[in-house]
Each structure stands twice: as C-alpha cells, then as structure tokens.
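Presented sequentially are two complexes of chain A, the first with chain B as partner and the second with chain C.
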Partner chain A sequence: MSTTAEIAPRGLSRRRMRVDGWRWAGRIFLVFMLLYTAVPMIWMLITSIKSGFAAMQFPPQWWPDEPTLASYEKLLDPQNSVGQDFLRFFWNSLFVSTVTTILSVIVAVPAAYAFSRFSFPGRNFLFFAVLLRNMFPAVIFLVPLFILMRLLGLMNTHGSLILTYLTFGLPLAIWLLKGFYDNIPVQLEQAARIDGATRFQAFILIVMPLSTPGIIATAIYSFIGAWNEYIYAYTFLTKNDQLTLPVGIQRFFSENTTDFPGLMAASFMMSVPVVVLFLVLQRYFVRALTEGAVKH
Partner chain B sequence: MTIVTGKAEARRRLQSGRSGALRKIGEHRADYAYVLPAIAVMLIVIAYPIYYTIELSFFKTPPGLQLRDKTFIGFDNYTAILTSEVFWKVTWNTLIWTLGSTLISFVLGFATALALHRAFIGRGVLRAILIIPWVISAVAASYIWKWIYHSDFGIIGAALVGLGLADRPPNFIDSVSTVLPSLIVVNIWREFPFAMIMMMAGLQTVPEQLLRAAQVDGASAWQRFWHVTFPHLRNVSTVTILLLAVANFNSFIIPWIMTGGGPSNASHIWITHIYELAFGRQRWGVASAYSVLLFLILMTLGYFYVRALSGNERKEGSA
Partner chain C sequence: MAHVVLKDLVKTYGSFKAVNDVSLTVNDGEFVALVGPSGCGKTTTLNLVAGLIPITSGDIVIGDRVVNDLDPKDRDIAMVFQNYALYPQKSVYKNLAFPLQMRKLPRDEIDKKVKEAARVLDMTHLLERKPRELSGGQQQRVALGRALVRDPAVFLMDEPLSNLDAKLRVQMRSEIKRFHQDLKATIIYVTHDQLEAVTMADKMAVMNGGYLQQYDSPAQVFAHPVNMFVASFIGSPAMSLIPLQASTANGNSVLTGAEGWSFELSPRNAQKVANATTKKVVLGARHSTIKLHNSAVPGAIPAKAYTVEPTGDVTFVQAFLSGAIVNVSVPPNIAVAPDEQIWLEFDQERMHLFDGETEMALKAN
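Our next item is the complex of A and B:
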C-alpha cells in the first residue's frame, strides 16, 4: 500500500527533472547559437572602429586601444574618391532594389490572385513552372542572358539587373501571395459585387487591403534579394559608376586587400538598410511564411 | 473549414464542365491577362536561355564571344567533362557541400525553433538577432568570415593560440583539408535562420491540445516530440530541406569570394567551376554542357519538390 503511494510522486518528480533537463539543454543550445551568430558580427563592428595598424596585430586587440570612426568618415565623405565611389554604389543599389521591388509587386499581385481564384486550363502547370524557376542557379542563365542583354543593348545598364531580378523574386512572391488570397473568403468579394462593384473594384477595394501583410512580405523579400544580389551584377556591369554595392565593394577591396577596417565598415553599412528593413517588418514576413508557405 | 475558398470554387467549376479544352481556354481568356505579365517576363529570361544553353552545349566555341564561328561537335563536350578528373573532384565537393550544409542547417534551425517555441523574456530580441545573418548580403558575410579565418590576424586562430590549443594560428581556408568544412561553417551561419523561420511557422500549426493530451497520458518530452510534433511537421520539413538543398547546390558567392575555388580546386563546387569555365577560360561550349548536366540533376530534384508541394495540396483538399 504505502509503496505504491510513494512511487507515484517519485516517478513524477523524475519526469519533471527530465523536462528540466530538456529545458536546460535548450537554453545552453540557444546560448551557443547566439555566440555563433553574434560573434562574427560583433567582430566586424570592433574591427571597423580600429585603425589599419591596430587591426594588423597578433594577438589581436579585443577592444581597440584607440577606437576611431575614420573608416566610416572616409566611406561617407563625398569629397574624396573612396567616398564618392561608395556613395554612388549605395545609390545604385538603392535604385535597382526599389525599382525591382515595385515592379515585382505589380506583376506578382495579379498573377497570384489569378492562380488562387481562377481555374483556367494550364493553371497548375503554369504555377509549377513559375515555382520551378527557383530551382535553377543563376549560372545556368548567365551565359545566354549575357548574350541576350548584349542583343537588347542592356549591357552596363541597370535595366538588365532589374529584368533579371524580377524573375527570381517572382516565384516566391507569387507563392506567398497565393497563400494569402487562398485564405481570403470569396464571399467578401461576392458581397461587394452584389453591391455593384466590378471584379476589378472588388479586387482593389476588398482583396488588396486584406492582403497588405503579404504584399509587404513580398516587397521585403524582393528588396533584400535585389540588394544582396551579386553574380548577375558582377557579370553584367563593367563600368565603375554603374556598380551596385556587393560588386563595388569587391572590386574596391581586391585593390586594397589589407584595409580590413574599411572593408568591415563597408560590410556593416551595406547590411544596415536590409537589416533595419527586415527588423521593422519581420512580423509580416514571418506571418506571410506561415500563411503562404506552411499552411499551403 | 466552413469558408468556401477560391480553390473550392475552382474545383467546383472544374467538375461542372470537362469538354472542349479550346472552348474553356476561350472562356477563360480574361483570366490569362492576370498571369500574362509574370509569364512573359519568365519566358524571356528563362525559356530562351535554357534553349540557348542546350544548343551551345553541342558546339565547340572559340574564346571570346564570336559565337558565329562555333562548330558542331555532337556530344564531345559531354564526354570531355565526364572523363576529366576535375569533374569528379568538383562533384564530390558539391556533394559534401550540399549535404553538409543542408542537413546541419536544418538540424540547427529546427532545434533553435524548438528551443524558441516556449515563451520567455527576450525571446523576440533573440529571434531577431538569430535571423540577421540570413538577411545580410552573402558578400558581406564572406568578407566577415574571411577576416575571422585570416591566417595571421584571425580571431579564431588567436583564440586557439590563446587557449593553448594550437602553437600558431591554423590556416583555415588556405589548406586543402580544412577549406571545405570552413566554408560550410560560413554557409550554415547564413542558412540556419531560414530553417528556423520555416520550422517556427510550422510549429505554430501543431495543435496544442494534442500535446497536452499526450502529456496527460504520461508521454515524455521526447515521446511528445517524436509522436506528436514531428509527424505534424513532416511536410514543412520536406519543403524546407528541399529548398535548402537547392539553394546550397546553387550557391556561388561564398566559395567564389572567399577562395575562388582554391587551393587546387579543393573548394570548387559545380557553380563556381562552371563560372570559371565560361567567364574565366571562355570555354562556352563546355560550360553549357556542364549547365545542361546540372539542369538534369535539378529537374530530378524539382520533381520531388513539386511532389512535396502538391502532396500538401492534396492533403488540404481532403481535409
């Protein structure tokens, strides 16, 4: 009698201990992942405020003796040639990414809506054809696109990049948005149409506002993709004043291989816009992935 | 689900009339207007390049882009590739790179998602920090890690020496034996957040009641995970792993910027090798043949990708 009464709580506490074990394992794991993620970024920041001389020391100065913002001043100074180049690259990246983002929303919204609502012949085939684009690496398209861009006279223009970026942003954009439209009840539109709205009006006035989070997520995705793209920009652009940031920075630092503080400062500033954008809007992004990708 | 979604409407329409494909296309011509811009862009930038790549792969091409002087040589480019030693070396590297990066990224991402699932103070901040590597440019990531791995002033080497684990800083990316694992570490750094986001989204779909019921029935934490959580995440996991595998198979920037494929091809993977063949040595024909082979491999992967995706659709349809 008394033994069974004793065993039960002991079993329970053992179970609780095991649960605690998992929880502690989880915490330790999270600390490890945080270090893995953050240390490289922190080291980038610390290096970027060193002088060139302080960076080249062994053992390294874990915190610089004389922190300096010289690298940042140099990169952002429109008076000297380094600053001029950097600011121009920055502007080029901003231009290409913004135009790409606007265009991909304009193209993806109607396509996703059609894939969600209409049942035209070939709908599934076209949908998967669009998704399949994600499967193929840039390099497969590089040689022929290189020739195509020369044919179209788009070499060394930002148009060549915008056209190409559009296609690799579109598949995921369409996929995410379709998930959103699938979740918006058709009755809402039907009600609007009974009240005399045209299909287009119902779309603009009812469906668009409801899918705003999806559109924002799509826009972030396109912008980040375009901002970070390297291989096409590296191949299509040769003129120095056309380069986008990733290529520009690479060209520049292949000539100044030892200026690590400058390189880290440039890497940091290149990351700021996308990281800020993402952190501000990540709520929408995670939600869009949940609704678009996972519940599919 | 009581809501009639667009898909249900579509299904109903599909069932009502099945005769006359042409008539149906005519009926739906207005619908095509919505997808036309997307399809048009894709056709220009995808269909044409694919066609041209296949054509070029059967030709011997002179260096430079004077492609009018190309001569037809049948399958010679393909036999040349398959009999070369570099091909097998690069294929082996690609295999290690893709499998290693994909599996470790997935496991780390999944584990992080699980650890972050329970609410605690600072969870949002932690999650945001963990996602950052995925958002920043791969070019920036490559330079950051190149500096970390630096053979004279790198932080890892200095830490190892400081802890007495090494006499002098090791050469991470200049040595044939360590270069590929070192690059994989960088790649995982950038990719595990993606797996994390996907699995976090997936975890939200696991019904809380089922977990609680299992707990009441005396299931241990591991049993609850294995018998309740994991089966619910099978589809998300498949999609995530496939997307990661494809992205890794296609990666270029990290090896290209950090090592350029060196030392002695130890970090060349397919894509960097093709790029070098085409734009470095200007052997367009061989590079195109490589691309076609790559294309075939990816089509196989793509088949599974579509099957995984349409598997999800089927499930939703039956629910």
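Our next item is the complex of A and C:
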C-alpha cells in the first residue's frame, strides 16, 4: 500500500518534467526558426536604407549612421532609367501573376467541383494524372516548353509565362479546392435545388460563397508561385521591356560594382505585395465557414 | 397540396437495384412513412420523388403532372434533410427567404411569409442568428420552416429527427404530427425508426432490399404483417419468430419444437398451416400475446428464462425455444430469475404463422 503511494507521485513528476523538457525544446526550436527567417529580412531592410558606401563597410554597420531612402526614391522615380525599369518590371510581374491567378481560379473551381461531385468514367485516373506534372522538377520541362512556346509563336510574350505558370499551379489548386468541396455537404446544393435554384444557381449562390476560403487560398498560392518564378521568366523572355521582377532585379548585379542598397530596396518592395496579400486575406484561411451548417 | 403516385419505380446503379418496382399512392393530405433498415432503398425512393437523382424506369406523378424529367425546382416540393442542410452563411431570416427569393416573389411578400412562418414555429427571436448559433432543435425547426414557408404541394422529410437527442426527438415528433394535422399537408417521411413511423404516419410503406414489402395503415401492418420481415421489423421489442415443424396427430394439426414439445392448433390456425407449401412453419408471437406461467399448465411449453429485463412498467423475460429467442412481457410484480423454469402459453387468436420457405404470412383460405 505504502509503496504504490510513493511511486505514484514520483511517476507523475517525472512525466511532467519530460513534458516540460519537450516544451522547452520546442520553444528553443521555434526561436531558432524565427531568427532563421526573420534576420535575413531585417538585414535586407537595414541594408536598403544604407548608402552604397556604408553597405560595403566591414565590420558592418548594424544600424546605418546616416539612414537614407535614396534607393527607394531612385527605384520609384519614373524620371530616371533605373526607376523606369523597376516600375516596368513591377508592372510586368503584377500583370503576369494576376492573369495567372484569375485564370487558375477560373479553371480550378469548376474542375475541382466536377472531381468532387460527379462520377464519370476515368475520374480517378484523370484526378491523379493532374498531379503528373508535379512529380518532376520544374526544370525538366524547361526545354520541351521552350520548344513548344516557339512552335506556338509565344516566345517573348507574357502569354508563354502565364501558360507555364498555369500548368504548375493548377494541379495543386484543383487538389486543394476539391478538398474544400468534399467538405461541403451535398445536401446544401440539393436543398437549394429543391428551393428553386438550378444546378448552376445552387453552385453560385450556395457552394461558391462557402468555398471562398479555399478559392482565396488557391489564388494566393498561384499568385505567389507566379510572382517569384525565375528560371522560366529568364528563359522565355529576352526583351528588356518584358522582364518580370525576379529577372529584372538581377540587373542590379552589374559587372564592376553591385548596388546592394538598391538591390535590397527592390527585393523589399517585391516582397511587399505577397506580405500584404497574406495579411489581408489570412483570416479566410482560418475562418471555419461551414461550422454549424450540418450536425456531424 | 396534392397526391403522389409512384408507378413501377426502378432505380439501378450498374447491376445493383436500389429500388425495385415500387408502386404506391399517397393521397392528398396523407402522412406516409417510408420505413425500413439501412440500405433498403427508402432514401433513394425519396430522392427519386424529389428529382435529385434520375429514375431508371417507372413514373412519378405529383398532383396531376408526371414529373419524371422535371428539375427538383419545378416539382413544387419541399424537403427537410437529416442534417438540416441550412445555408451556413445565411441568417435564419435569409434561410427562410431563400426559396421565396428563388421564386422571385416581391420583397414585402417575402417578408410577410417569413415572419408568419417564424411566428408559427415560435422562432421570431432567432431570425437574425446564423445556423451555427442555434441548438439542434432550433436548427431542426428552421429546416421545417424553410419547407413550409413556400406552401409546396408535397413535403419530403428524410430522417428529420434522427440527429436529435431522445427527449427532443419525442417532442419534435409530436410537433411534426401537429404540423401535419394543422396544414393537412401531404408528407412523405423517411425513417429507419419503426416507432416514428407507427406513431406519426397515416400509412406506412415498409421496404427491404429495394422492394416494397407492405403498404398499409400502421395498425394493419402491426396486426397483419404480410411476411416475416415486416413482422420482425415493426414492433418493439421485435416479434419472436420460432421455427417449428407441422404434423398431424390423431387427426389434429400439431406444431412441434426442436426440443420435442408440441401443441395443438386451433381449427383456424390448422387451416392456415394446411395452406403452407412446406412442413416448416414459423410461429410469430408478440411479447404481449404470450402468457408466462411459473408452473406447468396444459398447452404451455416448458422453457428456461435466459435474461430478465425490468423496465419499470413491464419486465421482459427472454427464453430460447427451438433455437429462437422468445420475448415475453410480464407485469413487474411477477418475479422471474434467470435460469428459472418457466412455461409459455401462446394465444391462438393473436399468433402469426408464416411459411418456413416463402416467409410469407399463412392465410386461412
């Protein structure tokens, strides 16, 4: 009797210690991850407000003696050639990414809905075939797609990039959205159809609003994919006035000296749309819209 | 309101027949329950009537129209789903207004009808809430409201009570029954709970394996089940079905159990057994029609009590006879212990006899 009484608290405290140990290990890991991701971003920001000379100093200035926004002014000034280029690249990137996003939502939404709701011959085969592209590294398709684009007469057009990014982004978009549609009870559409809606109206009025979080997640995913892509943009586009940001920023590496503050300022501005997009739309990721729709 | 006619309705999925030649007529203002075990085709039948799935063959008539090829929206029906299927992004008000909006009613008329429905169902204070902010019973009521706001020809209900807890289910059961009485609505109601069907419906259609087994008033189905399936499905606890052997001794018709006991049949029952295609006869007896004796009585069959379940009102005693479980109800003041020797006496007037091969009820002529 007494032995069990003694053992019990000891076992309990040992277990609590182990949980605490793991929890601390987890915290330390998270702090490390935070530093790992945040420090380069902070360093990018700090460098972007240095002068060209201060950026090259060693030991480095942790905080610039004379912070300046000169690099930003230069990049955003449509009067000088650097600013003209940067704004054009920015516009090109925005155009390509936005069109890619819109098209991928337009294609992925009905495709995912069809995969989720209808049974048709070859459904499973098609569904997995959609993923085939993603089983290979993107670079493998560089040469075939290059030849294809030349045959189609799309070289040096933004259309070539939009098409390519669609083939990369769509499979995951379809898979992601299908998961969303699978979770929307089919009875909601049936109820709508009995209540007087056509099948299409039921989709537009009932299902679409419920899948908004999924559509937004899909849109962000394909936007970021297109926004950051480098190798295809580098290969398919050669004319200066068509380049997208990732390729354009490369121009800051000139032969003799690299304008590091300018490079960092451009990189920072390139990351702004992505961050803003996330901050504005992240609540949609979290919002559990279907909660309360049906009793599980 | 309108009547509904199903004629030789068939639905197949590949080689699987989900609904087999189901024919029945639901009269104007009638409450019909489709009842049967899981997978018996009752929900499929309802979805065929709703037009949510296409029929393979047969006819569906609602009112005076054949609606086989009509969209659900054109059939003038309303449906209450098992999971309620409330539109989660819409408030209660908008849930109720949706069917009216889809029919392009003027806004002030929609407002009037929604408020009237809310008043009838006593949920005016809930109109601005979202479905997820409601309790199960309230959600149920909104689903009902969305069906009745439009004043459809037929109400279809797919197990509307099965997601509620036991107490609420009994309460909503009487509310739906009241709703039917007040509105004189034509209702087709799917349930796997035979008690719901018996208590609420004017007529019940018992289904099994895609076939309609029996279509009659609950009292008729209860008193005269057409076959062993219906007999065992309707009534709780289930009717005891005891396989026996028919023979003739001294010119009298006799049924013999596997343990060797036998009893003599009344002339009417003897005539039924004579009509059987086989010597194998199944005796069906409801718990209340069997008398339990603590000592040997002429005509009573010896058995051993297996379990004893007091419920307060009555005590159920189970025993094995001929390999089948026999359920007997006795007043709670009669004490029976498990493994105690008992004698069971069957009521010749109220017993059921089934053909051991065809499983159909035996008739006297």
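For this structure, a couple of remarks:
Assume the second predicted complex is superposed on the first by the 257 of 296 C-alpha atoms of A that agree within 3 Å, B and C clash if a C-alpha of one lies under 4 Å from a C-alpha of the other, contacts with A are read in each partner's own complex, and residues count from 1 in each chain.
Criterion: a residue touches a chain if its C-beta (ideal position, glycine included) is under 8 Å from a C-beta of that chain, and two chains touch if they have at least 3 such contacts.
No experiment lies behind these values; they were computed from the predicted model shown.
By the document's definition of touching, of the two partners only chain C reaches A:197; chain B does not. Look at A:120: by the touch rule set out above, it reaches chain B but stays clear of chain C.
Using the contact criterion defined above for the overlaid structures, shared-chain residue A:187 touches chain B and also reaches chain C.
Residue contacts after overlaying the shared chain place A:70 against neither chain B nor chain C.
Comparing chain B with chain C, more residues of chain A are touched by B. In the overlay built on the shared chain, the residue A:271 is in contact with chain B alone; chain C does not reach it. Of the two partner chains, neither chain B nor chain C is touched by A:87. Residues 185, 187, 289-290, 293-295 of chain A lie at the contact with chain B in one complex and at the contact with chain C in the other.
Those residues of chain A lying in contact with chain B across their complex are 15, 18-19, 22-23, 26-27, 29-30, 33-34, 36-41, 43-44, 47, 55-60, 106-108, 110-111, 113-121, 123, 126, 128-148, 150, 163-164, 166-167, 170, 174, 181-183, 185-187, 224, 227-228, 230-231, 235, 245-246, 249-250, 253, 260, 263-264, 267-268, 270-271, 274-275, 278-279, 282, 285-286, 289-290, 293-296.
Chain C makes touch with chain A in their complex at residues 47, 50, 52, 71-73, 75, 77-79, 81-89, 98-99, 102-103, 130-134, 136, 139, 146, 150, 156, 163.
Residue ranges on chain B touching chain A, taken from their complex, read 3-7, 9-11, 13-14, 21, 24-25, 28, 31-35, 37-39, 41-42, 44-46, 48-53, 56, 65, 67, 108, 111-112, 114-116, 118, 126, 128-133, 135-141, 143-145, 147-148, 150, 152-153, 155, 158, 161-162, 169, 189, 192-193, 197-198, 200-202, 204-205, 220-222, 236, 239, 243, 246, 249-250, 252-253, 257, 271, 274-275, 278-279, 284, 287-288, 291, 294-295, 298-299, 301-302, 305-306, 309-310, 312-313, 316.
Chain contact summary for the complex, chain A toward chain C: residues 185, 187-188, 190-198, 201, 206, 209-210, 289-295.
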